[in-house]
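The two complexes that follow have subunit A in common; it is paired with subunit B in the first and with subunit C in the second.
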Partner chain A sequence: MPSASLVFQSVVLGVLLGGLYALLAAGLTLYFGVMRVVMIAHSAFLILAAYLAWYAHRETGVDPLLTLFVTVPLFFAAGVAMQRLLLTRLRPATLTMMSVLLTFSVALVIEGLLGYVFSGTQRRIRLDYSSAGFEFLGARIAAVKLIAFGMAALALLGLYALMKHSRFGQALRATIQHREAAQLLGIDTDRVAGYGFGLGLATAAVGGTALALDTTIYPSLHWHWIGPLMAIIVVGGLGSVPGAAIAAMTLGMLQSLLQLELSTTWAQTVFYVALFATLAFRPQGFFGGRLAQRF
Partner chain B sequence: MRTTHRLQGGITVGTLALVLVASGCVSGGSNSEDSPDDPIVIGVSLPLTGDFSEPGKGVERGYKAWAKIVNDKGGLLGRKVELKILDDQSNADRVVSDYEQLIGKDEVDLVFGPFSTRLVVPSARVAEEYGMLFVEPAGAAPEVFDQGFKNLFYAAPAVANDHYNHLAEYILALPADKRPRTVAYAAMDDPFAQGTAYGLKEKLEKGGIKTVVNEVYPPNTTDFGGIAAKIADSKADMVVGGSQYQDGVNLIVALQQLNYQPKMAAFSTAPTEPEFAKAVGNKTEGILAPTGYTQKGDYPSNKEFVEKYTKQFGKAPEEDEANAYTTGQVVAAAVKAADCASQDPECQGKMVEWLRGHQVETVVGPLKWDDKGRPQSAHMIQQWVDGEIQIVLPEQQKEADLIYPKPEW
Partner chain C sequence: MPRDSEAPLPAGEASLPASEVSLRAGGTQLRAGETPFWAGRLPRLGILLAVVAVVLSFPSMAPSPYEITVGIAILNYAVLSTSWNFVGGFTGYISLGHGGFAGLGAYGTGLLVTKTELPPFAALFTAAVLVAAVAVPVGYAALRVRGASFVIVSIALVLILLLVFQSWSSFTGGSRGLVVPRPFPGMLRAEHHRTFYFLFAALLAAALLVWWIIDRSRFGMGLKAIREDEDKAQSLGTPTYTYKLVVFVVSAAFTSLAGGLYALWFGDLDPVFQFSILSGAYMVLMALLGGVRHLYGPVLGAVIVGYALEYSKVEFGDTPLHLVVAGLLLGVVVMFMPDGVIPAATALLDRFRKTGETSIREVTAAELRERRGQRNGTEEVRDSERSGSGSGTGTGSQT
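Take a look at the complex of A and B:
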């Protein structure tokens, strides 16, 4: 039986982990909501952002967080370009299925380029505060994990405010809810969809940088992430950002707590068990509608 | 009509050419067997791309350094050596067809082993079928030696389970009140990494030292918060990581984040990598690691190896390179003793038999093997002391004293 302090420590780690998962999954659910696109390359872009942060830090010594000023606009532009130039060319009838193939190939291209430019060596950002931490009610909180969690919270709150309180957010939500109706109301849904895709990729820039703070990175790391992230957005209800956030927190916490009694290998399966259970009993997901009628 | 004629003519000429080429081949082939001018061709398949590409390229450099040094001295038995290296893409099916091709079709005179346990076992089986001597630079896990191979020799000081032997002896020789009483183990789900940790675990448990945590994690694990929390909560006196590279680094950082301060910390592989200190932010003080090779090793051939390797590649050799070079040295010793280098079963048999009963001087020290091909030496133990990794065990090779209990990291 694990001690109370260990359980509390695991809860703390679970919250921090869940926050990171929420950030990493947010973009993925957004693409699906806006465009019915399954974006396999999302995690590859995460790793790309992580590499850019690592590279900038190694070459110039700047704090990896500062790279966000470059990578966020860059990824937004890349997202818009990818949507306008590649994804709109797919036939609407087979969009979801073909987008898997298309983005799969994009993921392979990114992985290949990273391997070519930076080699397969595992890299880690070296920070003065990478092992720093502080006591919190008997549990230890690592500074880098807290920073990553803070980035996730800020990015998700920002995304939420944008979606709820701006004209663009209203147009985006209208496009998610009913494309034709939105068009009838005079919304340029193609342009909005492009920006929505860019927004999703911008979260990948933030997520990748947060990831790079506390883990080693290598080009093929994205295959390890895409499975759990897909499970999170299905459990959360495809297209629902709050749903993905709640599912991410829940699953992150479960994984952390299950590790106490089970091995690490088995604790990882919580994502797939949740995925199976969701598809079997509640295919529309647990939070939000099948295609996120609300936000 | 005309076209038919031309076609027939073409066929005749083609056939003639084929016959000529074939006969040329045959005569050429029979000549090469004995000619002292032909090079000794050595076939190797290595993971130059894919999962093991980094260590695979290291092994390739080691083999190339060996071939160059041998050739600069006039070759083996007066013949030049020539490497024929294929890329198996880290794929176990590919490695089998590579060795089939090298031995069966290309008729190489000798073979060297590939990298990693996963690829050594299937390729050793091919070599065994053809009756070829199979000396390999990697593949230290127990399962390599459980297959009943008769021609296999591992060209390194010790198998995975024996890596920590010197450390186990040191700990068990401490007075009872000073010994670590509890140990936490975390090992990657990988035959080599687990082998190192469990070899030590077995010996310490036999000596009455309690195991309080015993975790296994899959190779793709990146979040070590949970495992670190368990280890920190157990307050074990000692932590042992059966690690490769990135997992070792991530686990150490996660333990430091939780402010866990053990009296002793030992991790396989990771601490000996050149990137290690940077990756953990130089908080390395007191971390122990077994190693099979050191550039400072006081063996005559090692000085030559380090010097010439550095000249050829612009940096000093690491363990993968050294084990590859050792493979070359072991095969060379067998070739000289048997006075032959060809696929002829008698020649290969002579080499295998000679290695069974003799010791070979190499860059990792003198090596000899048991009947399963397990080397009979031990790994040295290194420790990070004053920001540098130094040999602390065994006594006669040490560069610094082992620090115990270790300072805070």
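Take a look at the complex of A and C:
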């Protein structure tokens, strides 16, 4: 039995990791909400953002956090373009299946290009505050992990505020809830859906920069992220942002706690166990509403 | 929905008289007794025989054993994508995780041969039975959900298997790989390749035969009904869940046989290649490219993609660019010809021959909906209103 302080340390690390999972799962939920699309390429864009942060840091020495000012607008535009140019052109009858394949192919292209341009070598950003950290009730927390969590939390809060308190957010939520009704109210749902997609991809930009701070990155890393993220949104109930956040926190913490007893790879299976258990016993997910029933 | 109406205009108005004409023409022909009913099939049978002859004589014509290995790789792809097509083609459920079943079949065969010393081909079939048994609970969980969640589960299956087979190195050999002894120890290399070429060809023939039988059966009808509109199929009394599960297990068993045969042929397994999402994606790409509704669609796709893969391996070596090529190809197929090259080519041919319409056609639910919307006349209007509201709920459940 591990000591209490070790368990506490794991809980803290789990919360910090869960924050990042929650932000990324929120992005996936957004895509699903506006388009009924499962975006396999989400984590590929995550790794792309991490690579951009690493590259900018290596070439110019700027702090990786500053790359956010470039990557967030860039990814937003890429998301809008992807929705308008690719996904809306698929046949509505087979949209769900075909969009999975289309985003899968985007993920393959990104992975292949990253491998071609930056080679398959593992990369890591070295910062002067990389090794900094502090003690908190007996648990040691690395500063970079806290920064990453802070970014994820800020982005999530910003997203929440935007969705709840702006006119655009209202239009977006109306589009998600009932597209035809939103159209009747004069909302340009096509444009709003495009922006919603862009917002989702912007979460990948924030998440990727946070990831680059304290993780070793390589082109095929995105497969290790997409599985857990997919599991989170299914467990949380497709289309439910709070559900995704709760599932992200719970599973992130479980993974972190299991790492005490098992190896890292075995601990990762917790996501898949949760996924299969959810589908076997409660296919609509634990927090999903009406939307999740049919998926 | 605006995109729906932009889809190619249906030929409903023109096709109805045309089909009547062809029906009447067929009737007179039969009465005259000039051409027997199987006459239309003769050219098809001839083409089939010619293709079989080419496939079977390929090893003796190939200039070097390398060409035979390329042939084996393509046949392996063809078996895999045909096996995938049991689920993807009949039910429309797209699985990206069939690479996992192939890997399980390969490792199952390899482990049975090395650990229990079963004879190789007994191990091959035992592994297929075991994989089919594994596919039951997997299908039980995965098929309870539709569309997106199903794909997620299929991806998760591969990722979880990769984790397990890499971590459990005491049993599976882990990242060091697993060496499978050759089934015919005394055989020379060239003879070994030649034998496996025919074994793969036989497996392909078996898979195609089973697909063909299901295609013409009541069971296959039910599966296709699921593909077109699962809710309606269910309300008409099709046991959709059982049907889906059965065909999923059949598909997994064939995929496992292909993987196991590969293990016996190649003799060296690595979890990274056996449990790769990419191999599942190749199956989808080949089947979609060829056309999932056609018996030979996946085979055709496997020939095109398999040849391109082998060619690029020789030309460009092992750069990550093959991922880019596969991704772009998949994207192009999904965007521009989701029905595959066979329907695209036949549509092109029909445009020249103008004889495409027959009295009985297979149409998709979407086409039917559009065609009904186009018809006029009092009864049809009421009908289209009804189907309009019906299709409203139909799309509601799909989107």
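One rule holds for everything that comes next: the second predicted complex is superposed on the first by the 287 of 295 C-alpha atoms of A that agree within 3 Å, B and C clash if a C-alpha of one lies under 4 Å from a C-alpha of the other, contacts with A are read in each partner's own complex, and residues count from 1 in each chain.
The rule is short, and it goes like this: a contact is a pair of C-beta atoms (placed from the backbone, for glycine too) under 8 Å apart; a residue touches a chain by one contact, two chains touch by 3 or more.
Because the structure is predicted, anything quoted here is derived from the model rather than measured.
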Once the structures are superposed on A, label A:265 by its partner contacts, choosing first (subunit B), second (subunit C), both or neither. both
Between subunit B (first) and subunit C (second), which, if any, makes contact with A:120: first, second, both or neither? both
Which partner, subunit B or subunit C, touches more subunit A residues: C
Considering only touches as defined above, state whether A:91 meets subunit B (first), subunit C (second), both or neither. second
Kindly classify A:177 by the partners it touches after superposition: subunit B alone (first), subunit C alone (second), both, or neither? neither
Return first, second, both or neither, reflecting whether A:275 touches subunit B, subunit C, both chains, or no partner chain. second
Is A:140 contacted by the first partner subunit B, the second partner subunit C, both or neither? first
Answer with first, second, both or neither: which of subunit B and subunit C does A:112 touch in the superposed model? second
Footprint overlap on subunit A, comparing subunit B with subunit C: 120, 263, 265, 268
Touching residues on subunit A, where the partner in the complex is subunit B: 2-3, 5-6, 9-10, 13, 16-17, 119-122, 124, 126-128, 130-133, 140, 142, 144-145, 214-216, 218, 221, 224, 255-256, 259-260, 263-265, 267-268
List of subunit C residues in touch with subunit A within their complex: 1, 3-4, 7, 92-94, 96, 140-142, 144-149, 151-153, 155-156, 159-160, 163-164, 166-167, 277-278, 281, 284, 288, 319-331, 334-335, 338, 364-366, 395, 397-399
Within the complex, which stretch of subunit B touches subunit A? 53-54, 189, 215-218, 220-223, 225-227, 229-230, 232-233, 245-246, 249-250, 253-254, 256-259, 275, 278-281, 283, 409
Spell out the part of subunit A that touches subunit C in their complex, as residue ranges. 32, 36-38, 40, 86, 88-98, 100-102, 104-109, 111-116, 120, 219, 223, 226-227, 230-231, 234, 238, 263, 265-266, 268-269, 271-272, 275-276, 279-280, 283, 294-295
